[in-house]
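For reference, chains read A, B, C and D in written order, and residue numbers begin at 1 within each chain.
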């Protein structure tokens, strides 16, 4: 399940469409084998398939506070406080809320906010809890104990869960082609503090937007692509994602279609912006087709980039009224504002652990 | 072209997507002979450049006031003033606006409002002119002379045109099945004066909504339908449309699909409300499919009911945000508000001669 | 606090902006003694931490099903299931969520949905919990025991709370003047099942809309008003509210202003629709003033009708774009759609116990 | 009237709310003598019915192409074609449309689009005509002759008018303080070709945003201000506007209030963005006050910056739904998107000669 890992064994035994591989990051390694790090706190740490967990754990030896002055921890933002987001999903049943809230209370954590949803069709229960653990009874450097307790409780309720510590900043990569509006928008919002993440690099199959990356001081990787180089380019991208321990991948009008394999490995942390109100006008040239059909509204859709084109779980959509006066160019111009807005919102929610996926749909706990 | 008709002969000779059959009403009779009520006012005067104006004038011999004191004309609303809407379409060319406005000025008419649009792809020019002819130099009882002049000008510019006198109230029929929200809405808006029309009757394939028709004092025809009776029911509907000289047909959640023949004869004055933002979710159960797809917006679309299901020219659309919390029932409930709003708007614009059709799209001169 | 009442005595001693008088209904009788229908179900059970639970329990001795076969209870809707809404407010503190959910779990109740909010400025915590008590361990006829337990917990957390059983249908009265659109809308939505309430009567200071009340089979009370009769008319209204045990009062374009006394007694269950996006254009003729100011959007606002005109807590708002073409009449016409929509939404949320008030603002747990 | 000017003398004699001083630019120099760049193109030709056309023509002797090969004209965009926007206002009367369209047709001009509006309260007629004069019979270098003819016609109809040649790019200056979102947005849209103008410089009372100006290669003038320097700073700004022949001044979250004198001289070409849906929350800290009032929508308003604070003619507005969960910071964040969108739209329309002002309101001929 998206972002919610079960135990490594169960995940390994019965992978399914609604079940995410038990990885804590894009690394592809099962969450539970990465569990040597569980003695600390492994928030939304990324790992890499080929890197032994021990090695990495040594490499960063991290917990929100452990063994390291706060200021020196990579990505740590002290003012964010010691809060964490707990996402969980399980079959609907009595006592889940009581058990979880009692557990957190027992540890001395304070629930800052909580949102939940029960899907009556699939009978699944979803919850997002933000809690403050600054006064946790076992000390904020020992959240591994808390995690173990959550794990036991999860086992009892057949629960998938994920814990993301707010002081562990996610790492986000942007892929673009030639259009600049979404890239500008993300970078400006990031600079203004609206998007809580690090942006280690931008990738493009064209060199056109390098000047923007330069302006904002973000490394720019030009990775051209043609028919013969598609596989190798994808491999290079994946190597870079792994090396830089990327948590989230944004396709900001990246006009290339990834292979099925890539999508299957990455869809759950890859957000695409499509320039139509899906499922209308899937595929190429949606504005042209919208113009031809004579619709009176245009739209944009942010969704997870699964293998089936433009058919992934929808995170957010927005629309705008148009009239017969709007040419395709007008629609493109007006659509840009929608694309910017919708993509930014989806990215923001995803970074803030507000998006859960099941049955190819999303539960979005909006702020 | 929608609402802009050629003569009955020429229309019969060369029907086309953009050319309406030369009928002034749904009655099926050609404009030139649909003269039962021609002793009063000609509602939606149709003409074609290639038809000698005299022949047409002879055919109906109409003018808004001819041979009848104004007060006694069926459907006449004195406070509406002596105004008319002129719709025209022609290849874009220099001098059209000048010629038309000069002609009206020459007759002593005052242009109250004017809206125009040039489609740069098809190179077609569209215009809607509302003018006051109360001080027309030939006398308001002689607008046939004005029509002849417009006909001659139209011939010069290869123009299709339609002239609708505001004091000739259109006659509208509503078709429903079991759902009442759109029916209620139309009747309430009609009663409040929002929809400028007469509503001679309501047709339904179910008896359920008769009580609403009774409440509003509108005759209700129960015309049940099953597989064997589809053709005869349609025939009965058409007879009623003709007998009552219906101008506009509203499918207010009428859950039946008409035959291709019926659609081809009536689409240009038949407005349907579909409960999705077309072209997404054409056909049956759109809310269920929207729920299944996990969209974050739902919508409604008013369109002309052409033979191809849910593919007719779109008049208006509206949407509403939903979340994962919205069940299908919630979507149905929220969608009702959209359906009401969009259908009412489309009907209002159509009654006010604001909608033109070309290339399966609409030009809507909104108020 | 809106809907969260202290005991009648304490409310009488220290009325405040955030504290509702301890009445269970508009009747004006204290909750504890408003027991005429207490043999059935207590609709909006109110309690206060400082009130001995036993006293209260004695006062009404109620449970949703006590002493009466389910089917015979006035307003009982069996298909609704045995669910209840618990609203609570208290100073933000650790352990509240855990305590409440543990309590409900301990009683064998299942939390169906839960929504919460912490206002960081006032440091107040708000929660709405919907729970199913059909398998409550003490038997669904003994919810008084549950209430007593909640009361004790509330005392510990300085909590105000309210418990509303879903099978106890609220009773709603509508006040109108001459405009019919909101009245029609509420009655149609009610008939369609969208509004979960009984509507025992409609009051108007004009006789104009009686025919609508008749159509929908709702008693209509014509209570005219002039300068000399204002007080007596208000008294007559209050008598009727009390006699019919009205829970909610809707001012559906009722163009009269109540006295300060009436507002202070009833504001918390009285919803007004104002035809502007408040705080713009408070008071009379908002569309005229909006037209004069040249705004590009118009709006409507549903709010609780406090003594200060158009300044009560806002429940919902909606807006619509307009242009320079829109006359005041156009704005009135378009505004009607907003008024209908916003009022219906506010009424629906209020009936569903989704609206809480503090500091003259609302917390709305939207569905 | 906004943008429709009389001669400098007549304007001086009878200034009025609806009459702009006869300046072609912000420079403060009368149109007739603002001829420094008249060897090229006259941007926003202004004229008044009572001014002898010859005198005016002598004054600037301009035509779009006069005395200069097209390609070399500063700001000329050949692909834009030889089109012009004619704005006119006059008392409503018969024959205006006919006369103007006949005149243009007579000169061999082709009306590309036309939009009009009659305000029935003030009985004023407004029209915007875009026409192509590439085949003008007198030659595109002799549009002064056309202007003289328009002037004579204007005299007959007591018409105020303005003619703006599309190949004469307007010059726009941006004023900012410390907030960067609107500045970024305008610069990015300008770079993408969405805003048809030159941006010769940016002024700020703080140095903070210089790096953005540098990025986009726009000169940045830091003009600090304190109580003692307000007048001199304003004077310096005006000097710069005049020197650089600025046509449009954008206050992109410039947090200073200009003197009444400055506003009176410049309001008609000065657009401000205010962060509320005016007239709600005029003045300082609108988001804080919106939060305090508990509104459910927030908005932004672009308006001309007249002397009365936040009370100038509104060009555009947009709103966004919020809930009780939105803190002031959330509102600020969400409001930024509204401010960007609304300001950009207003600027675009103004640059495209789509905005006319009368009675402190705007007529906006939207595209």
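Couple of notes before you dig in:
Note that contacts are C-beta pairs under 8 Å (C-beta built on N, C-alpha and C of every residue); 3 or more make two chains touch, one makes a residue touch a chain.
Since this is a predicted model, take the numbers as computed values, not measurements.
One of A-B, B-D or B-C repeats the interface of A-C: more than half of the contact pairs, counted by residue number, are shared by B-D.
Comparing the chain pairs A-D and C-D, the larger number of C-beta pairs in contact belongs to C-D. Each chain gets one centre point, the mean of its Cα atoms, and the points for chain C and chain D are 49 Å apart.
The geometric centre of chain A is 44 Å away from that of chain D, both derived from CA atoms. Looking at chain B, residues 117, 325 sit in touch with two or more other chains.
In the complex of the two chains, the chain C residues touching chain B come out as 180-181, 184, 188, 192, 194, 215, 325, 330, 333, 337, 341, 367. Considering their complex, residues 117, 119-120, 277-281, 293-297, 299, 313-319, 323-325, 327, 359-364, 366 of chain D touch chain C. Only residues 94-95, 97-99, 101-102, 104-106, 108-118 of chain B touch chain D when the two sit together in their complex.
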